[in-house]
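Once you scroll down, you'll see the structures, which are given as structure tokens.
Shared chain: subunit A. Partners: subunit B in the first complex, subunit C in the second.
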Partner chain A sequence: MATKLPPKDVVLVGFGWTASIIGQELTDAGLQVLALERGAFRDTVPDFATTKIQDELRYAVRNELFEEPERETLTFRNSMDQTALPMRHLGSFKPAAGAGGAGVHWNGQNWRFLPTDFLQRSHIEQRYGKDFIPPDMTIQDWGVTYDELEPFYDRFEYLCGISGQAGNIQGKIQDGGNPFEGPRKRGFPLPPLKRSYGTVLFEKAAKEVGYKPFPCPAANTSKAYKNIYGVQLGECTYCGFCEWFGCGNYSKSSPQTTVFPVLLHKDNFELRTHMSVTKVLLDSSGKRATGVIYVDPQGREFEQPADLVILTAFAQHNVHLLLLSGIGKPYDPVKNEGVVGRNYAYQITSSVNVFLDDIVNPFMGAGALGQAIDEFNGDNFDHGPVKFVGGGYIALWTTGGRPILQHHLPKDAPKWGSGWKKAMADNYLRSLSIATHGSVMSYRDSYLDLDPTYRDEYGNPLLRLTFDFHPNEHLMSAFLTEKAAGIAKAMKPRHMDANPRQGHYTIVPYQTTHNTGGAVMGVDPHTSVVNRYLQSWDVPNLFVVGSCAFPQNAGYNPTGTVGALAYWAANAIRTQYMKKPGPLVSA
Partner chain B sequence: MKTKTHVCVAVAAIVAGGLFAVAPTLLARETSHGSIERGRYLVAAGDCAACHTDERGKPFAGGRAVPTPFGTIYSTNITPDGETGIGNWTSDDFYRAMHEGIAPGGEHLYPAFPYPWYTKLTRPDVDDIRTFLATIPPVKQENKSPELPWPFSVREVMTGWNALYFKEGTFQSNPQKSAEWNLGAYLVEGLGHCGACHSPKNFAGAPKRDKAYQGGYGENWYATSLGGDLHDGLGQWSADDIVQYLKTGANKRAAAFGPMAEVVHNSTQHLDDKDLHAIAVYLKDLPPHETPSTTNAANDNNKPENAERLARGRGVYLDDCAGCHMENGEGLAGIFPPLKGNNVVQAKDPETVVHIILSGEKTAVTKENPTGFAMPAFDWKLSDQQVADLVTYLRSAWGNHGDQLDKGKVADTRKTLVAARTQ
Partner chain C sequence: MAFIPARRRLLKAALVPSAATVVPLRFMPAAQAEPVSAPGQFSYFTPVEFTWVNAAVARLIPNDDLGPGAKEAGVATFIDHQLSGPYGRAETWYMRGPWKDGTKEQGYQLKLTPAQLYRTAIADVDAWCSKNNRRPFAEQDAAAQDKLLHGLESGDVKLARAPSKDFFQMLLQNTVEGFLSDPMYGGNRDFTGWKMIGFPGPRYNYVAEIEQYNKRYTMPTVGLLGRDGKRTQET
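Now for the complex of A and B:
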């Protein structure tokens, strides 16, 4: 029997980027906010202390900052005719556990989606005709436009202190920036990061081929920065330990370095860690959330009443909680009905490794220190001849040169022994990798539901992921890989290897933690879980925030858009919902 | 156990030659604040909450352990509860406690309660403090007895201590100095009780009158000199530097940490700029003192064993420190304090810098500077010898001055810190 606790105005489920942003905004509006986090509290010191955090084995190989599959996982299969099995080791993606969420261990590659990305179906239909979209591709418009989100992208960038070079300020194309980006109100808060030699070589080669390379927008601070809440960030030291690590010297934007110092001291904010939310409670009408049930580490159940429930956990966890709580109609791919779990998507990546005579010092890096070209992203080029939907950026990142996982050897190098050692000595300082980062469209047979067999430690069914790459994505990724190889060739390497993504999607090895969809936003309750303000169609005092709202995934890393959506939803709650609680869009 | 903010086992009977017995008019209650609001302000200026509010307790209900070299004292309940607080005290009772260190019934208070400083307060100020304290919610919470060994457990001992070291008396302004200087003096010598930490003390825990503000000890910290010394003092600081430090917790020269971070957080950030500037003017007028550290033995590169040692220290610095404090020792303005020219690094006794290296520290959190940067501990990876080499390097690099540091001193500090943690 759950112990009933005193009510709160707002309960946030999970305490990463979206919860920190919404918590900060709603406490500013005077609400009593409680955040429930399944993991531990973590802060720069002592948890990510510099010289301690630079431990590749502990954090990148043994996954210390992530969720533990032995406690919580999902099951996976490629197609509906298979039996899904539990993911017992973190592989293709690594969700975080603990305060700050994945905002702690990201690289800091912070992008905006393109204006046409938000009009994925209507724009393609308009430009290429309805028949251009395969019948099983269930892409749709977001219900929010780039222009509407622009102020909220801006706010997130000025929260983080993004380092970058604007390419389009109020419609005016800027030299050295990304000329394809949507118009931004103003430039980035910080100038681009210092350059690594690898990015200089890439830039030169890309220009030779005829592209317009630009420095990637980075949440690694190029200079000291005081953010919109008065919180101060340091200056990146290019230690090369961003992804899988917390930042030890306050120079990677994370909830810890941008929001916690102000939010955690507020009298109207409370954080409870090690609390796993297992259910959102509804009243007898089923149209109103009354709070949540959570379980503490001793297994005791608590009922936390709240007027407003906001799911701010990782994408799949938000969807899982909706399914466990019976909120919204679960998606059924056979009948093509229901919405919860529908339109799961991911990212398709590939690379081209380049081996040079020059020494490039790969160890001097930062998670988002890179140069990219955007000629082949979204609908920046004519898709008519190529016959696929989507695209991606091509970038040379110099994120670091860690010894275990960040080295490149020619494919024909020996795999062990003295030959391997020699190849390593010859190539460690003289190799680079060009990455392609492709979009993944949504499909009728790519979805999330509850597993019929496997259960979690609370006795609840695990979430089941059914997903595979489709011919459209393979075609697109092969196209990007070929373009990347063209740039690689222009770098005049002594050797190069292309690593295209081929065959079925597999849950190993690591690809990206860019899982999207399952609780998508939209204008039609029959094809979306939440409205354009991320408010549940079925339960108006429930909001679901995160990349689970993406109707399909674009060719960029998702965090910038996740941050913008969090501010967008918080703004809707502050300016509309608080004045008149109820549906913000009539169904 | 969390250590206490500051220990005030002392008397600041400042020998201020030429003070005239003129009642101070500088703090005339000309402000539009009511008595309560002024009391609230004075309570912040006196940092009363630092001792009288326990971390896990209700405001001003006491119970916070205050470790002294003589034993542990517990702060008392100063809420207006009639039975366990000071609700039944008359304003004369309260004034006597503040002015003479004697509670109703004639019981002597220990000078961990800074009456040796508060004696300087004017009667109207003391009355305002009491007026404010009467407005806070009363809390019923019994006071804990001090844990002091004989003879300190006998309060009458304080009669002798007072006779020797305590000089009762309201602040007298110095007509030869400006009104601002006098306001600063009143705040520093009275409510601020800065000398409680920043003055050296004698065997009885009383500040040495002839060495006021030349640097002192409080709970494993060495509080630097507030005098005009260039290395171990505020000689290089401008008055504005001091104001910025007290207001925000950091300036381009330093960041507050440890007990001083709490002082800034609880007290000085709440003071208005006029008062902070007055404090700065007074402190900037404190004379420098001679220190042997100016001979800079650490920098004597002519001796080969020194050069070797400095090279080892520099190696540790580049590996473990330069990422934030930068290779040139200049830090990052307002974020990571510079070690070049840093008065804590160059202090006569490097106890504090050793303490920070071993156990890490958090900088002050203030309204203007909410971040609260923290330096991590290095006790888990650096040996006593490495820390000693590092500190010796810090005290010689970039024009810094200071004696060499022996590893035995690091071992002592390490032992003390471990003991404090496991208490």
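Now for the complex of A and C:
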């Protein structure tokens, strides 16, 4: 039997970006908040000390900071006629475990989605007609607009201290920024980062081709910065160990460097680590959450009562917990009914590698030090002739030159032997890679449910992922890759290779940790799990926060939008729910 | 709150054949990362296996006019250490059944841990050599070794138990890891791999240099344990 513990006002499941933000905002409002984290506590000192963290093998190759499939994984298949098998080790994506979540190990590539991204179905139908959207594509509007989210994007950017160049301030286009971005009320808190040679070469080439390149918005601080909670960050040193690593220099925005120093000292906040939440409990009506069950490392079960339960774990883990708890109707792709698990989406990426005579010193970099063009993202261009939905940015990132995983070799170079050695010696210091970062629409046959066979260490069914790339995404990605190759060519390389994304989606190798959907937001309870405030339609004292709320995925990294949604939900709880607990939107 | 490792993890570790390697730590203490070269002192390999791996990595990254190769860089020692640790035991992998062959998109579905795959495949390769009237792999000349390695890579050489392509990919990946990871793990000795490509190691601060374009960086190579890459005497 579970030991029943004293109640809390709010329990947060998982302690990454969204939990840190919501925990900070709700403790400010006077609530007693408890966060339950399945992983360890981690902080800049001692866990990310530069004398320890700059270790590619330990962190990037052996995956020290991430979830362990042994404890938490999913099964995967490309299509419904296959048998899903477990993801036995990490590959295509790397969710985090531990305090700070993926906010510890991200690169810091921090974007806003486009205003039209939030109107994905209605905008496309209006501009191109209803028939433009394939029948099995289940895209929908978000139920929240860019203008509504703008103050919350702004708040997340001023929490982080984003370095960048605004492209549109209150409708006025700014030189050197992204002219396609939605209007922002003010510029970025910090100027852009220093420029690596690679980004300079890309900018020159992109301009020659006729594009408008701009510095990518970065959660790597270009200067010392004091954030909205009074927490101090330092200047980035371009050490090139961002993604897969914690930052030892207080210059990558993370829960540790922006929220923990305030939140963890509050009397009305408590964090319990190494606690795995296995179920959200409901009362006999099934309409009210009474708390959660969690398991400690010795296997003991505890019942934690709470007035408000907020799922703030990684995207698919939120969905898994909803399914295990029997909250919301599970999605059935055959009948096309139900919502939980529906509209899983991802990202489609490709690259063009560029080999030069000049030395570009790839090891000097930062996770979000890049130059991009946005001409082919979202609906920034006429899709009529190309006959696909979506798009993406094209960027040259100089995130670092870690030797095992970040070296580029010409495709025809030998894989081993003296030829491999020579290719490594010739190219390591003289190669760059242009990335395309494409949207993925949602489809009737791309979804999450419970696996019938495989179980986790608690005896619960694993989550099952059914997903493949569709012709729309292949067409779009090939289009982006061709545009990227055009820029690469203008860099006048001695050699270049395009690496288009072809064939089926595969669970290996690494692509991105931009998993979305499964508990999507919207205006209709028949096609969404949560309302526009991320509140469960079925259980009003349950909120589900994260990229699981995205109805489909846009052509940008998700964290900026995840941060904005966390502030948006926290604001709704503070200004509406706390005054009158109950549904914020009538179904 | 002290974290007590789950009991079953300790049990799992204890089941590994090499009894000397039962360490509850996720990563070996640095003292164990010191190169071990004397016969009989390997963490996981038998002397025969160590010789086999040393011969293989010497072909994958050979000693040539560009400088020392994987053998000289201590890569076999690196792999030996890796296989005796959490990686070799697949400690963080999901290793519950049922076991089925999957599509290539579904990734690794072997019941063998990396340590078990090496042990099985090395024995299989030498059995294959014997069956085909050849000398054991480690005693073959370089050309014959290359031919056999190519056969494993392509899958043309079929082994009795271990899937040859999976084994080759793991061996190659681990060889590159050993050549290019921090020397404290036993490979990349004297920064052999990093110096060959021009990586200066984890140097931490490039504020002054990042805007010096097309200029070679000349500061000495460093590792996490210092400029010589070796743990100095602790006091």
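Of note:
Methods note: the second predicted complex is superposed on the first by the 587 of 587 C-alpha atoms of A that agree within 3 Å, B and C clash if a C-alpha of one lies under 4 Å from a C-alpha of the other, contacts with A are read in each partner's own complex, and residues count from 1 in each chain.
The rule is short, and it goes like this: a contact is a pair of C-beta atoms (placed from the backbone, for glycine too) under 8 Å apart; a residue touches a chain by one contact, two chains touch by 3 or more.
Predicted model, so just to flag it, every value in this text is computed and none were measured.
Partners subunit B and subunit C, brought together by superposition on subunit A, fit side by side with no clash.
By the touch criterion defined above, A:454 reaches subunit C but does not reach subunit B.
Contact comparison for subunit A: of subunit B and subunit C, C touches the greater number of residues.
By the document's definition of touching, of the two partners only subunit B reaches A:265; subunit C does not.
In the superposition on chain A, A:234 makes contact with subunit B only, while subunit C stays out of contact range.
Panel annotation: after superposition on the shared chain A, the angle at the CA centre of subunit A between subunit B and subunit C (CA centres) reads 80 degrees, nearest 10.
Once the two complexes are laid over each other on the shared chain, residue contacts for A:52 go to subunit B and to subunit C alike. In the superposed model, A:418 makes contact with subunit C only, not with subunit B.
Of the two partner chains placed by the overlay, only subunit C lies in contact with A:359; subunit B stays clear of it. Once the two complexes are overlaid on the shared chain, A:401 sits against subunit C while remaining clear of subunit B.
Across the superposed structures, the minimum distance from subunit B to subunit C, using CA atoms, reads 5 Å. Subunit A residues 50-52, 235, 237, 239, 249 lie at the interface with subunit B in one structure and with subunit C in the other.
For subunit A in complex with subunit B, the residues that touch the partner chain are 43-46, 49-52, 224, 229-235, 237, 239, 248-250, 261-262, 265. Subunit B makes touch with subunit A in their complex at residues 319-320, 323-324, 332-336, 360, 362, 365, 368-378, 380-381. Contact residues of subunit A toward subunit C in the complex are 40, 50-52, 54-58, 61-64, 68-70, 73, 76-78, 82-83, 85-89, 91, 194-197, 200, 235, 237-241, 249, 272-274, 297-299, 358-361, 363-365, 401, 403-404, 407, 415-418, 420-422, 424-425, 428-429, 453-455, 504-508.
Every residue of subunit C that touches subunit A in the complex is listed here, in rising order: 1, 3-6, 26-27, 59-62, 64, 66, 69, 86-87, 90-96, 98, 100, 102-109, 146, 149, 153, 172, 175-177, 180-182, 185, 193-194, 196-200, 202-207, 209-211, 213-217, 224.
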